[in-house]
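Next up: some structures, all given as structure tokens.
Shared between the two complexes below is chain A, which pairs with chain B and chain C, respectively.
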Partner chain A sequence: MPSEARRQASIPSDYRQAKAVEDAIVAAATAHGYNEEALFAVRLAVEEALANAIRHGNHADARKRVLVRYAVSDRQIDVHVSDEGKGFDPSRVPDPTAAENLQLPSGRGIMLMRAYMTKVEFNGRGNEVHLVKRKLAG
Partner chain B sequence: MNDLAIETSRQGDVVIVRLRGSADMGQAASLDRRLGQFLREGSCRLVLDLAGLAFASSMALGAFIRAHVQCRARSGRLLLLSPQPALLRVLQTTRLTDLFEITSDLEEAVSRAASGGANTRAADGVEPTRGRAEDADA
Partner chain C sequence: MKNQARIARRSEGNVTVAELLDEEILDETTIAEVGEALFTVVEENPGLKLVVSFGRVKHLSSMALGILIRLGKRVEESRGSVKLCEIRASLHEIFVITKLNRLFEIYDTEEMAVNSFSG
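Entry: the complex of A and B
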């Protein structure tokens, strides 16, 4: 098993470059023996965090940066994603599973992160999210 | 993971849109445009064949939802066909199984799309038929 992968990337608000970082995280997780279910979960949660940072945090302004720090070990995956936005209060995001919100085309990113990761935490300002995925034993 | 490939075929008035690869944040905009194009061309009886779609972010789900809402507004009907288990779980987690009609049978999907109109799900105040999603999970 490889030693812990620890990286940091500062990218412009660009989906293609964000995807490259996402691919690198999934590749590191693959190398550390995470199963298909965990890999899907990490890809989905990281994708949602990066998309939120670009779209809602930086308003797709390519001059603004998204900072990604991640560490992948045999025990868990940690990913921090931050943007240059004003931040937000995650507790005020409407429940996308409520019947009246089902037809809204957006607003599912945070709930997907929470559903698929072991832990999801925002900083006080709301412009950085910390995602944790622990490897299941066995 | 592969890029997104979009292929279409037609059975009568029904357009079958086969999605293969990954509908991630970099692909969602083009997916949204393609689905919007079908609707502008008057094709509002759609079957989205998801059997080859390995990944879909919330932005891609948003494109499905926009197309679904626009189809209904034009008395059309949109169905999802054969989502892979991982994607079906995303649809269940987000409760979009209450919004979309999902089946694993192409003939049934085409027949229901062709009948148009009565696309009634939970968002319309009608109890969803969860069995469809469970069929696709088998």
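Entry: the complex of A and C
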């Protein structure tokens, strides 16, 4: 197994560049032996985090940057995604599965991150998310 | 790319099947183009009986789900109906987690989805 991969990337608020970072994280996870289920989960959660940073944090302003820091080891994957926005209070995001919200076209990203990651944490300001995916035994 | 076909469209009797051609429906550009292709089918066919097939799709994001929801509303407004099919287990889990499996009828196969319109 390769030693821990630790990288940092600062990208403009651009979905193609976000995809490149996402691919790099998944590639590192693949090299460290994470299974298909974990790779699917990481790809989805990182995609959601990056999309939120670009769209909601930086309002798709290409002049604003998204900073991605990640570390991939044999035990777990850590990804930090931060934007230049004002931040938000994640506890105030409505439950997208509530009947009154089910038909809303947005608001599911954080729910999916939490469903697929071992841990999801936001900084106090709400402009940085920390995703953790621990490798399951066996 | 803008000119890349995002769906393959065919008729099965009076049901229109739209097969999504992308393996990954994640980024905003792809999602917008897939949405545009699907909405075009709907706008051209009021009262449409539509099946959207996910057989080739391996990854999709919450933004893609948003397009589906908007599509469902538009189809309903035009007195049509949309059903989904061929969603692999990993993606079906997303529909279950978000409870969108309560919003859409989802079938294992295209044949089952098409036949459900004549039931």
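In the analysis below, the second predicted complex is superposed on the first by the 138 of 138 C-alpha atoms of A that agree within 3 Å, B and C clash if a C-alpha of one lies under 4 Å from a C-alpha of the other, contacts with A are read in each partner's own complex, and residues count from 1 in each chain.
Throughout what follows, a contact is a pair of C-beta atoms (placed from the backbone, for glycine too) under 8 Å apart; a residue touches a chain by one contact, two chains touch by 3 or more.
No experiment lies behind these values; they were computed from the predicted model shown.
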Looking at the superposed three-chain arrangement on chain A, would you call chain B and chain C a clash or a fit?
clash
Go through the superposed model and pick first if A:15 touches only chain B, second if only chain C, both, or neither.
both
Tell me the contact category for A:104 with respect to chain B and chain C: first, second, both or neither.
both
Between chain B (first) and chain C (second), which, if any, makes contact with A:49: first, second, both or neither?
neither
So, does A:120 touch the first partner chain B, the second partner chain C, both, or neither?
neither
Kindly classify A:25 by the partners it touches after superposition: chain B alone (first), chain C alone (second), both, or neither?
neither
Residues of chain A that sit at the chain B interface in one complex and at the chain C interface in the other, please.
15-16, 18-19, 37, 40, 43-44, 47-48, 51, 96-97, 102-106, 108-109, 111-112, 115
Chain B touches which residues of chain A in the complex?
15-16, 18-19, 22-23, 37, 40, 43-44, 47-48, 50-51, 54, 96-97, 99, 102-106, 108-109, 111-112, 115-116
In the complex with chain C, residue positions of chain A that touch it
15-16, 18-19, 37, 40, 43-44, 47-48, 51, 55, 96-97, 102-106, 108-109, 111-112, 115
Under the stated contact criterion, what part of chain B meets chain A in this complex?
1, 24-26, 55, 57-59, 61-63, 65-66, 68-69, 86, 90, 93-96, 98-99, 122-123
Per the touch rule above, chain C residues touching chain A in the complex are 26-29, 59, 61-63, 65-67, 69-70, 72-73, 90, 94, 97-100, 102-103
